[in-house]
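Scrolling down, you'll hit the structures one after another.
Consider the two complexes below, in which subunit A is the common component and subunit B and subunit C are the respective partners.
On to the complex of A and B.
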């Protein structure tokens, strides 16, 4: 049965995006409209019933009986856009909603004058990642991803960073390599299978209607895999992604990384469903995930800019998600999805939490910082706990997903991956403690100047909420894993 | 010259090209930790090749050992290669595309 709330999860942010752009200059009104939508959005994700929404197409089960027997097979094909809303979508859309709400809340508290175009970009991005997650059609997924990529560029340009135009330009140039390759891969699939609907492609390939190892399909896999690396920010795109996060406003960076995680998961699941039979599928994912983990954490260790450090750590954490897909067992995919949900929350916490340091001092250079624990001990402790969550320290959520991943690697007979995962977690912990010591604990430099004297209470509230979510998911992982486990079972 | 001195010099050389700030213990400890992480992870990842061929795994480990002996410290060099230069980012993106296409397309013939 159709549920009209499913398309509303896409339509409401789009309408809001248009409204805030028109309302630019009327700050109070923009603030209210944005907050109302940011509150409604995750609520809709919670109350919407599961189901399928046919956009401009047809419900195959309704018309199959009306068609002659010779056309029965045609009725199962889906010519229009199909939105599939499952429990896994509910979790990710809800978490994105929470991150966006808290980031916007922090943005409003830090700035008196709001930017309509900036809010427009954020809400368009939200609508696009939601549609990307719901869509069962790889071409539509590509289109929605391109909108997300453009909003990411816009969010950077709307920041006050010195190198914002340069970063945005570089992201566009690299996007002009990664995006077309993804589209070309989709084109190859369309040429061979005749459909871009994922369920149809899987049905055609699995029933050997086309040769699964046909050259165009293998080529399509190679191109789409490269596109997935670009979408996710895995190597070789990790440097531009980390630069992107570090140049954005800290609350904007929290939203940008949430977008990247959702894009990674959505395309990761689609590629897994279509190409898991390809012999090099899992090794290819493992290689690039390991590269992301090692390069992310080692580059983070050598940063003097704490925003860049968190950005590299975020990229390294993406490697854990990829590793789960690469191992390819029910437990590992569950761990990957759980890790994705955790990373959404933890990285947002760190960007917003450490962002308050930038708000106070207008610098993110750790050499110029120190002694900030005296300004806000509460925030310092919460940021420290957030870092523990990222490193996988119990009882936080990061511990649960990482221990699942290590367990799955051991069960799959790949202890090397388990050892690397543990080493990277330990180094993440070290990186974080080093940065925390530099920013909060070492003596305050004499020439350190403050742009603001206090941290906004709303920023503290936002970080506290995210930390509570980390703790809840750490103590009660079943809240989400009971949904991820059957989904992962269906995927393999 | 000890390994640590060699390391400090390497980090200082790189830093002097990137910024005017002095090299601190913080920079060196970070780079040293990164170096050890890379070495350990490289060697452990090479052992993964045993699932395909034990001989390939041994050859790869020996190759990495030689590479490490002749190229340490790797971390500062890696950082230099992963700066914000558009030309380097583009080069590695195209290199990765080439490797992926070649490995998946031609590699499949040997499966």
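On to the complex of A and C.
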């Protein structure tokens, strides 16, 4: 009975998306429907029992004679679409649910007139990232990612940014190259293995039914790795990803980055499971992760627009996640997953928190800002603490995941990676404090105009909730690491 | 002869992808870029659907007058076809959004040149 909740985690946001689109114009009703679903969604993730949900398909013994020879030896063959709901999915779906709820709550408080299509896009995105996390099938993951990408484009178009169409178009063009490359990689795996189910692919490759180093599989790795870089926003896609975040409404950017982190984790785990045996797999991940970290913070340092600064810092933080996968030990993968959970929360906090500055002044140019601590002192302090969490200052969650990552690099005999991670964290801290000083502490410019006199109480509430989660995960990291550790052990 | 049919399809798929990549990366006109992207998508679809090709096979639809053994021996592998069907839908959706954006961008900038459209963006 409880297992029915697994598909409901995808179905409910889809139904909600359709409803809010139909209800466009009836603001009160849209608000209630969205909030109820946004509250129900993380609750379902908590109460659903772990398990597997099969959609259609046939008994594999009945169709075994019709299957390619490669699959005949797979005893646990899954011929239909399969959703697997494990504890790790529970954590990430819950966190996405919290971010979406708080972002929507903030959006409702900032706008009297709501947009049905905008809410439709958000809920379709939520349904897609949930399905992406649950799916045990690389083709379905590709399909859901494409839907996420389209919803991301839609969220940008729905913003009021002047160059939203240009950014959306550029993202679509790059996506239309990265997406098909991912699909082509899946095609190569299909050609060799005969299945797109991840468990079946791993079973076939690990038992040497096919040559693990066969040229098509290496091609598949290269193409899927390229696709993963696009999905995650790692270099060379870091610029467009950060541009995407900075063009969205701040509460929309919080949701967009959450989607990106989930896509990165879901595809990262899938690629890790399938290709971990490839000799240059881990070095490739480490190189691109280091590039993301270095380029992310150095470009953040140069920004005068605080939305872009957070966007680049978010890309830099993605590098930490990749680094954990690249080191490839149980501790490092645990650190990577923990870092992903932390980034989801911290970046959302910063986007919503700094977003209140944009709400007040309608500008995100730090040269035009100053003295805002007198307008919103509570928010200023919470944003500062959020920045500390991102930079890895104790006692926040960012500190726990980063120290775990540094420790894992040292344990793996890679002290140079630990040094880079520490330096990048210090630069992140410096970048953030500089922006904070400019926006909140330096004298208020005489020509600074305010669109609103004070920030909505709900925005303060949302940021406070996210900060409390950061603090709880920082003080009690075992809450999540006890789930990540066995998962990481199984992965390696 | 039949084997060469599959090979021809694979070469055609490769050609589609390479031509599409060239157009998407190097051609300035956004409509031609979009056409290039359509080439890439169709090339990938052709590649995948070719994987399910079976020499002298039949479509994988089981009819009443077929014996199960004959069907298993002669039908093409249906999984690639199912995947491509979904992929076509996704490609069409992406293409529609891109064309809509191209129209908006043309109205805004009065040009279809990428240099003009993205060059104007200076904030």
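Criterion: the second predicted complex is superposed on the first by the 472 of 492 C-alpha atoms of A that agree within 3 Å, B and C clash if a C-alpha of one lies under 4 Å from a C-alpha of the other, contacts with A are read in each partner's own complex, and residues count from 1 in each chain.
The rule is simple: a contact is a pair of C-beta atoms (placed from the backbone, for glycine too) under 8 Å apart; a residue touches a chain by one contact, two chains touch by 3 or more.
Values in this document were obtained by computation on a predicted structure and should not be read as measured data.
*Asks:* Let's test your reading of the overlay: on subunit A, do subunit B and subunit C clash or fit side by side?
*Replies:* Pair status: fit.
*Asks:* For A:301, using the defined touch cut-off, is the partner it touches subunit B, subunit C, both, or neither? Pick first, second, both or neither.
*Replies:* Touch status of A:301: first partner only.
*Asks:* Residues of subunit A touched by subunit B versus by subunit C: which partner has the larger set?
*Replies:* Partner with more touched residues of subunit A: B.
*Asks:* Is A:146 contacted by the first partner subunit B, the second partner subunit C, both or neither?
*Replies:* After superposing on A, A:146 lies in contact with subunit C but is clear of subunit B.
*Asks:* What angle, rounded to a multiple of 10°, is defined by the Cα centres of subunit B, subunit A and subunit C, with the middle one as vertex?
*Replies:* 80
*Asks:* Figure out whether A:194 sits in contact with subunit B (first) or subunit C (second), or with both, or with neither.
*Replies:* A:194 sits against subunit C, while subunit B stays out of touch.
*Asks:* Just to be sure I read the superposition right, which of the two partners does A:87 touch: subunit B = first, subunit C = second, or both, or neither?
*Replies:* So A:87 meets neither subunit B nor subunit C here.
*Asks:* Contacts for A:211 in the overlay, against subunit B (first) and subunit C (second): which applies, first, second, both or neither?
*Replies:* A:211 contacts neither subunit B nor subunit C.
*Asks:* Looking at the overlay, what does A:434 touch: subunit B (first), subunit C (second), both, or neither?
*Replies:* Once the two structures are laid over each other on A, A:434 reaches subunit B alone.
*Asks:* Looking at A:177, would you say it contacts subunit B, subunit C, both, or neither? Reply first, second, both or neither.
*Replies:* After superposition on chain A, A:177 lies in contact with both partners, subunit B and subunit C.
*Asks:* Mind working out whether A:49 is in touch with subunit B, subunit C, both or neither, as first, second, both or neither?
*Replies:* In the superposed model, A:49 contacts neither subunit B nor subunit C.
*Asks:* In the superposed model, how near does subunit B get to subunit C, counting Cα atoms only, in Å?
*Replies:* Here the least C-alpha separation of subunit B and subunit C stands at 6 Å.
*Asks:* Touching subunit B in one complex and subunit C in the other: list those residues of subunit A.
*Replies:* Shared contact residues on subunit A: 163, 167, 169-170, 173, 177.
*Asks:* Would you pull the subunit A residues touching subunit C in the complex into a rising list?
*Replies:* 65-66, 68, 139, 143, 146-147, 150, 153, 157, 162-163, 165-170, 172-173, 175-177, 179-180, 183-184, 186-187, 190-191, 194-196
*Asks:* Across the complex, what residues on subunit B touch subunit A?
*Replies:* 21, 24, 26-27, 29-31, 33-35, 37-38, 40-42, 44-45, 47-48, 51, 75-76, 78-79, 82-84, 86, 88-90, 92-97, 100-101, 103-105, 107-108, 111
*Asks:* In the complex formed with subunit A, which residues of subunit C make contact?
*Replies:* 17, 21, 24-25, 30, 33, 37, 40-41, 43-44, 47-48, 51, 72, 75, 77, 79-80, 83, 86-87, 90, 93-94, 97-98, 101-102, 104-105, 108, 117-118, 120-121, 123
*Asks:* Please name which positions on subunit A make contact with subunit B in the complex.
*Replies:* Contact set of subunit A toward subunit B: 163, 167, 169-170, 173-174, 177-178, 181, 213, 215, 218-219, 221-223, 225-226, 229-230, 235-240, 243, 278-280, 284, 286, 290, 293-295, 297-299, 301-304, 366-367, 414, 416-417, 419-420, 423-424, 427, 430-431, 434, 438.
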